[in-house]
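These notes concern the structure reproduced below.
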Amino acid sequence: MKWAQKLLLVDRRIIFLLVFLGALIPILSPIGLIVQVSPPVRAIFDRVERMQAGDAILLSFDYGPSDGPELDPMANAILRHCNKKGIKVLGISLFPLGGVDMAFARMADLTRDLGGQNGIDWVNLGYKDGGQAAMKLMGEDFTAVFPTDADGVPIEEIPLMQGIRNYGDLEMAISLATSVLGEWWINLVNAQFGIDVAVGSTAVSAPKYYAYVEAKQAIGVMGGMKGASEYEELVERAYPDLAGLSRTATVGMDVQSIVHLVIIFFIIFGNIMYVLTQRTRREGI
Amino acid sequence: MPVQLPGFGEWVAAFLTLAVFSFLYRDNVIYRVAESVFAGISFGYYVGLARINTLQPNLFEPLFGDFSNHWILIFPFVLGVMLYLRYVPKLAWISNWSLAIYIGYYIGVNLTQRLHGEILPQAKGTMLPLAGEPFGQILCNLVVIVGVVTVLVYFFFSSPHRGPLKVTAKLGIYFLMISFGASFGYTVMGRISLLIGRLTFVVNDWARPVVQSVIGS
Amino acid sequence: MRVRGWLFLVLLAVAVGAAGGQEARMGLTVEDTPSDDGRSLTVRWDGEADSPLDVRIERRMRDAAEYEIAGNARVADGEFRDLGLESDAAYSYRLVIDPEGAARTSAPSPYVSPQENFFRLFRVNALVVILLMGVLVVGYIMAARRGADLYIRRIAGLDAIDEAVGRATEMGRKILYVPGIISINEPQTLASLGILGYVAKLTAKYGTQLEVPNADPLTMAAAREIVKQSYLEAGAPEQFHENMVHYITQDQFAYAGAVNGIMVRDKPAANFLLGWFAAESLLLSETGQSINAIQIAGTAQVTQLPFFVAACDYTMLGEELFAASAYLSKDPLILGSIKGQDMMKAAILVMVVVGVIMATAGVQGFVDWFTAL
Amino acid sequence: MKRQVPILLAIAASLYPVIAFFFPARGINTFNQGLDEWMVIIASFALLLGIISMIQVNLAKVRRRAKGWIFSVLTLLAFAVMASFGIFGGQGETVLADGSTRLEPFTWVFQFMYSPLQSTMFSLLAFYVASASYRAFRVRNIEATLLLIGAVIIMIGRIPLGKLVFPFIPEVAEWIMKYPNAAAQRGVIIGAALGAAAMSIRVMVGIERPYLGKS
């Protein structure tokens, strides 16, 4: 079966083309499929839901623009959720490549959509080098790491920061993380300071975080755009008045469904061709 | 509604996006332009980032603004500058001093972080009971215990994989393969999300307005 | 005046006590937090487990005029740790239950000063593990120094290195070696540099071209030194140029873009992708696949392993990277440390098995010891 | 002096955080906190250490008129422009006299050049993931078959369509993630942590000296 062998060596560019079309078509005209919520995402939602107005959390923007499509929707969903509950959000970033800009953009969205105020409902403390050193230091004193917020306003003059000195004054820390930073929040900050940690990770890292969640080192994990769409779903179920706002992650799930099908088709196709060629080879011998 | 053409920024962004995508077809000059510009801008960004976010507020402002209270910051300043002496062949050995402190510190932090923050809790997470719970849960616990133990046995280098060790290590490899497959499948999704992000930009922020203004709707 | 003031206070206390009944103190106690640096106190109260109410904890330093907010908790928590205090000062606390609603305030606690402690008792588990690991690793290093014969099994994929270099030599094409994308304080980078030394010796021996693009300046400096040394030892110093080992940029994607460019333009016969990788793992290995290069990969980044496994011919999984480097280095001291690490792994396996038995027998104490915080 | 001092410094610097980890005494802790603050600053300098290498490498190419040297000119130019925006300008938006806002040049380049380049390079992975899975997931042997099964179940389980076709599949996918996957990941995490810890100890006792330019 020569033809099977030939088909097996399909030019990668044909696969590229089909993936491209599979992604493009749902963007041009969305389908609208339903989302199923998984336990590790619900755990994070429930933890936030249990907090009270006036509590504060730390939201670390540990990602750059390239991971935006996966992690931006999580930031939006969490910020809206906190805003609805009156929870204060301290935004920081420990990821050099654009983390601070991601934080600015998401908080600007919050102000535009729900009227959250800088310095009262949220604050963006900005980016800092040093990774673990900065994380350890925040366990003692935020002002030592961030003498000012990202706009240069001294911490003492920010209303939100009154009464917040270190991790002990926060309810939890959520890291929206690419790379190794999310792990450090778990194995350094949670391990040494005991604050609850949850991670919104890119899909590629999520399988690893399951090991941490199962060992109870983290409350939960949101994996990629799917995780984000689940959180969007939960927030909207609990607060129907948010329904008008954009749900980027949920829209993205359409595209993923189609492209997944394209890839699964190729895997099945490849295996059929492979089995056919193997059989001819065996018969040939 | 009057159609607004995309701004200059959107044109630049769309051009660069398509330039990188063109690599999928094959290498070409436009891709090389994008590649070279990318290398330059990325480093320039680091420079600005370090200056604006760390060096300015954590070093220069306290040190030069309020010297008497922050004179101690001279030390990290000097240590930081010393790193660059490695480019002066005669003085390169001095740069090793600050490098030694820098690397040493992170090595020390890593040691406690790995042993205390990873090995202890992960080992604990595997100590699951095999009795006193519903049968289904016990089976799940058993899967976790067997998985962790066999994978660790696979990573045992002190004796050759023979006999029972070989069987155990083989089982470890099977666990790894299921996990790798699962991770791969999980990741496909994430990678598509990235593509969605780019295509949404090209379609909605650039192509759609351009097409609409050409058609004149 | 003084006496009358006292009388008044006593009367007031009696009155408040009578009015508030048992609620007045709410079981409020304040103690020094054990095992700390003397800057925190632990506040406890009767935590009714099913109480939905909030509690605001307020503190007053001795001689201070007013109470300030120390923090918020839930009544059900029963405990609050107040951090960041001054260790010489004395503090008194009071509780405000349901601060947004009825706002019942407790009687203040006596004054307590935080004490500085010598050792963090709750980290004794980490101390045991670090000491055990240290003893094992240093012990085996010393054994190696005395000349003990330490066996390490051969890692699959090592034979492939010689094969890959051989193929490149036959084809007259170059070898591309990527030592990961981060600096030399990462163990995986060091492991990769060890293997680079071996590869460079082979290329020097056969006169094959070698290119090592770098994303980190310190890694580049170390890599250059190692390649130079290898060429010297192989007796071919004239073949070494500084440009074999060069720098591109720190940014992972800009770096991946440039290395992909090198791959499609120069078509190396073999790619080595060893060290710490993030998302560029598949960008590099798929491009390498498309030019039909032999690819040997290895990383301990578990998230990137699936891609290397899918797109490369040989992959060193996790710890195998470290072991392979030690194996090739033939440095007895490093081999010794790998051996010590292996023994630690055996110790952990034993602990896990004992832990499972204990957990099954219902002895939770042993298991809990591992993360006493 | 050239060898001993750095070795001693590295040993001291690596022991200090470990000591502070166990002993809470204020003297130790305060200095440790100081050390953390220093490291934030030194890390910033280290981040930029590559600049000189990058300029050297590209200048050398231009000087030699090596193949493709014009692209090196482009790289240097892009670097110079972006770096000067970063050194002399600010970040975010500035408010103009008439109340409207304008992006700082640094942020403009970030938003319209750097960010699309980075994201697009990253998004190439969507294509590569497809072609790699087409090639790798074959029923060649038990290992490859397990890889295939894991991948396909998770891929179907993670999309909304999957539940419509096989109602139980999201639960199966979640089970795989929670048990066999977490177990294998844990094995690798423990192994890698041991590797890193052993390496730390080698540096602490001074057999491994990455700071001396060789491993």
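Labels A, B, C and D are assigned to the chains in the order they are written; within every chain, residues are numbered from 1.
The rule is short, and it goes like this: a contact is a pair of C-beta atoms (placed from the backbone, for glycine too) under 8 Å apart; a residue touches a chain by one contact, two chains touch by 3 or more.
Remember, it's a predicted structure, so these values are computed and weren't measured experimentally.
A.B. asks: Please identify the chain with the largest separation between its CA centroid and the CA centroid of chain C.
C.D. replies: Of all chains, A has its centre farthest from that of chain C.
A.B. asks: Name the chain pair with more contacting C-beta pairs, choosing from C-D and B-D.
C.D. replies: By the number of C-beta pairs in contact, the winner is B-D.
A.B. asks: Quick one: chain C and chain D, Cα centre-to-centre, how many Å?
C.D. replies: 14
A.B. asks: Could you tell me the distance, in whole angstrom, between the mean C-alpha positions of chain B and chain D?
C.D. replies: It comes to 3 Å between the two C-alpha centres.
A.B. asks: So the centre of each chain is just the mean of its C-alpha atoms; given that, what is the distance between chain A and chain B in Å?
C.D. replies: 14
A.B. asks: Just give me the whole-number Å value for how far the CA centre of chain A lies from that of chain C.
C.D. replies: For chain A versus chain C, the centre distance works out to 21 Å.
A.B. asks: In chain C, what residues contact two or more other chains?
C.D. replies: 123, 126, 130, 133, 184-185, 218, 221, 248-251, 253-254, 257, 279, 302-303, 305-307, 309-310, 317-319, 338, 345, 348
A.B. asks: Two-or-more-chain contact residues of chain B, please, as numbers and ranges.
C.D. replies: Residue numbers touching two or more other chains: 20, 23-24, 32, 34-35, 38-39, 42-43, 45-46, 49-50, 53-54, 58, 99, 102-103, 105-107, 109-112, 114-116, 118-119, 121-126, 144-145, 148, 152, 155, 176-177, 179-184, 186-189, 191-192, 194-195, 197-198.
A.B. asks: Enumerate the residues of chain A that touch no fewer than two other chains.
C.D. replies: Only 12, 16, 19, 23, 66-69, 96-98, 100, 128-130, 133, 136, 140-141, 150, 191-192, 204, 207-208, 211, 214-215, 226, 256, 259-260, 263 qualify.
A.B. asks: Can you list the chain D residues touching chain C in their complex?
C.D. replies: Residues 18, 21-26, 29, 46-47, 49-50, 52-54, 56-57, 60, 117-118, 121-122, 124-125, 128-129, 131-133, 135-137, 147, 185, 188-192, 194-202, 205, 207-208, 210-211, 213-215 of chain D touch chain C in their complex.
A.B. asks: Help me check something: in the complex, which residues belonging to chain B touch chain D?
C.D. replies: Per the stated touch rule, the residues are 9-10, 12-14, 16-17, 20-21, 23-24, 32-55, 58-59, 72-73, 75-77, 79-81, 83-84, 87, 93, 96-112, 114-116, 118-119, 122-123, 125-126, 140, 143-148, 150-152, 154-155, 172-189, 191-192, 194-195, 197-198, 201.
A.B. asks: In the complex formed with chain A, which residues of chain D make contact?
C.D. replies: Its residues touching chain A are 21, 29, 33, 35-37, 39-41, 43-44, 47, 91-92, 107, 110-111, 114-115, 118-119, 121-123, 126-127, 129-131, 133-135, 137-140, 148, 151-152, 155-156, 158-161, 163, 170, 174, 177-178, 181-183, 185-186, 189.
A.B. asks: For the complex, give me every residue of chain C touching chain B.
C.D. replies: For chain C paired with chain B, touching residues are 123, 125-126, 129-130, 133, 151-153, 155, 184-185, 218, 221, 248-251, 253-255, 257-258, 260-261, 264-265, 303, 305-307, 309-310, 317-320, 323, 338-339, 342-343, 345-346, 348-349, 351-353, 355-356, 358-360, 362, 366-368, 370-371.
A.B. asks: Quick one: in the complex, what on chain D touches chain B?
C.D. replies: Touching chain B from chain D are residues 2, 5-7, 9-18, 21, 34-35, 37-52, 54, 68, 71-72, 74-87, 89-91, 106, 108-130, 133, 137, 142-144, 146-155, 158-159, 175-191, 193-194, 196-197, 199-201, 203-204, 210-213.
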